[in-house]
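Per-chain numbering from 1; labels A, B and C assigned in written order.
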Amino acid sequence: MTDANYIYYSDLVGTMFFAISGAMAANRKNIDMFGATFLGFVTAIGGGSLRDIFLNLRPVWVNDGNYLVAILIGVSIALLANERLDKYARTLSLFDAIGIGFFTIVGVQKSLIYDSSTIAAVVFGMFTAVLGGVIRDTLMNETPLIFRKEIYATACLAGAITFILLRNTGLNNSWCAFIGAAVVFVVRIVSIKYRLFLPAVGEYKKR
Amino acid sequence: MTDANYIYYSDLVGTMFFAISGAMAANRKNIDMFGATFLGFVTAIGGGSLRDIFLNLRPVWVNDGNYLVAILIGVSIALLANERLDKYARTLSLFDAIGIGFFTIVGVQKSLIYDSSTIAAVVFGMFTAVLGGVIRDTLMNETPLIFRKEIYATACLAGAITFILLRNTGLNNSWCAFIGAAVVFVVRIVSIKYRLFLPAVGEYKKR
Amino acid sequence: MTDANYIYYSDLVGTMFFAISGAMAANRKNIDMFGATFLGFVTAIGGGSLRDIFLNLRPVWVNDGNYLVAILIGVSIALLANERLDKYARTLSLFDAIGIGFFTIVGVQKSLIYDSSTIAAVVFGMFTAVLGGVIRDTLMNETPLIFRKEIYATACLAGAITFILLRNTGLNNSWCAFIGAAVVFVVRIVSIKYRLFLPAVGEYKKR
């Protein structure tokens, strides 16, 4: 399997995992099967699609039906194995940490290829990994998780910045990508294990 | 009137109807006249605009001012005839069912013309019909109706799939379109009449 | 400094101010520092980005890193000077009224340059000034302020229409722009001073 193939299939698998987590979120509210499918779809394609729209590109899933098939498989897994998946929450958060590492670096690279500024590429790397979840939470009428819980988007920013800095040293691109994704993974897992949080802003004022 | 003319004016009329329903939704909350106009606008152009943005096209209403005029007429009708319209809820839901049938097929056709995959075209057909309402509900800080009530987006998916399957049989395009839209209409009306729902996912857990 | 330079730096300063107000909004909820930064970013670039996306253009901040630097400065000011800024709410609302006047006219002009219809240009002028705040409020799970409070978006519409009408008289473009922005400012400040509101639609029905 060539490198390009490898990235393509990783992208499909990552999309499927995001669809699983999106559809599982529907459990939290009284949402029907269509809603669960829609939320799985939005979680899976939201981040990458917004990045592509900002770059004035057509998102890949519009032309390549395989992404939508991956999403349907992910949603089906979530609907069928719903309660079992809840038991594997810990394992899932490991996969999630791998997933956001992968998507962050994919997002940075695509942005740089299409001539975004370096700082925008860092933002887009993070967007690719987290914005699908933000849209999902917003549609479900909740304050997005990433604004109020744990170090998540910040881990993506750390990995994206690492990747950019390493690239400037002239290190081989694959190594930069691998180390950048690893930084996302490690920061995320360490922050879960030691319950690290970012400080909240101001006082909490009940409205 | 030519076919193209017919579709163009249907599109304007449909846009006006969606603006009416969007502005009427403002009734549910303490929203001012600007808010009602904005919600009418978003409901009317949201679905088609998102489809066009995903296809990397400029939405039609940006260049053709007639769509915004149609929306202003729709919003004015809603604001002036507000309470009377409430009495005609049943008639309005008939028009709505016709409208979503029409917009679904328009959405599928435009997506195929601009080279989306077949499965994405089905998604975009449904998007064209329902996403304006999803954005409206989200802006009003409510869980979108289509996630929790009745068979609505699912009717659009059924019609879109029917249209695609018929096209593959080589049937005349106008007939495919008409039958596809009719499927949306019938599924929608039957589900209202017999109070059919999709099953909810998981247990409802009050948060 | 040339005219173009002047507009460019005004744009950066305006972006910074919007980032301040966006990050300050995080104070209202239990949001962490990343969330505050994200909300500052969204408030600052949301309106102009949506306008550009509707026009099928790439938003300026994607290629020009200075906008993101301006946002980071704005967010830092908001986080460091948080409580002091609260004391200057009145001064800030003056700057805000200048800012929305400026952004409205910039939005109308850019839309006309890129061939939108006149009526769409009015809408985009208002969008440029207010949509960032709408997205911020929606992400924070609140009904957008502009739907329920004060004359804000309406002031932008008034200024945008004034600008378009003056242009048609053949008046020098800089004067049209200045008068249009002044109309936004005056309508906004007068409505604050005399507590003017738009009428709400229908009866408020608690759901």
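Just so it is clear, contacts are C-beta pairs under 8 Å (C-beta built on N, C-alpha and C of every residue); 3 or more make two chains touch, one makes a residue touch a chain.
Note that the structure is a prediction, hence the values are computed from the model and not measured.
Common neighbours of subunit B and subunit C under the contact rule above are A.
On superposing C-alpha atoms, the copy subunit A sits rotated by 120° relative to subunit C, to the nearest 5.
In whole angstrom, the spacing between the mean C-alpha positions of subunit A and subunit B is 30. Listed for subunit B are residues 53, 56, 138, 141, each touching two or more other chains. Contact residues of subunit A toward subunit C in the complex are 53-56, 115-120, 123, 134, 138, 141-144, 146-148, 153-154, 197-205, 207. The part of subunit C that touches subunit A in the complex is made up of residues 23, 26-36, 38-39, 41, 49, 53, 56-59, 61-65, 68-69, 79, 82-83, 138-141.
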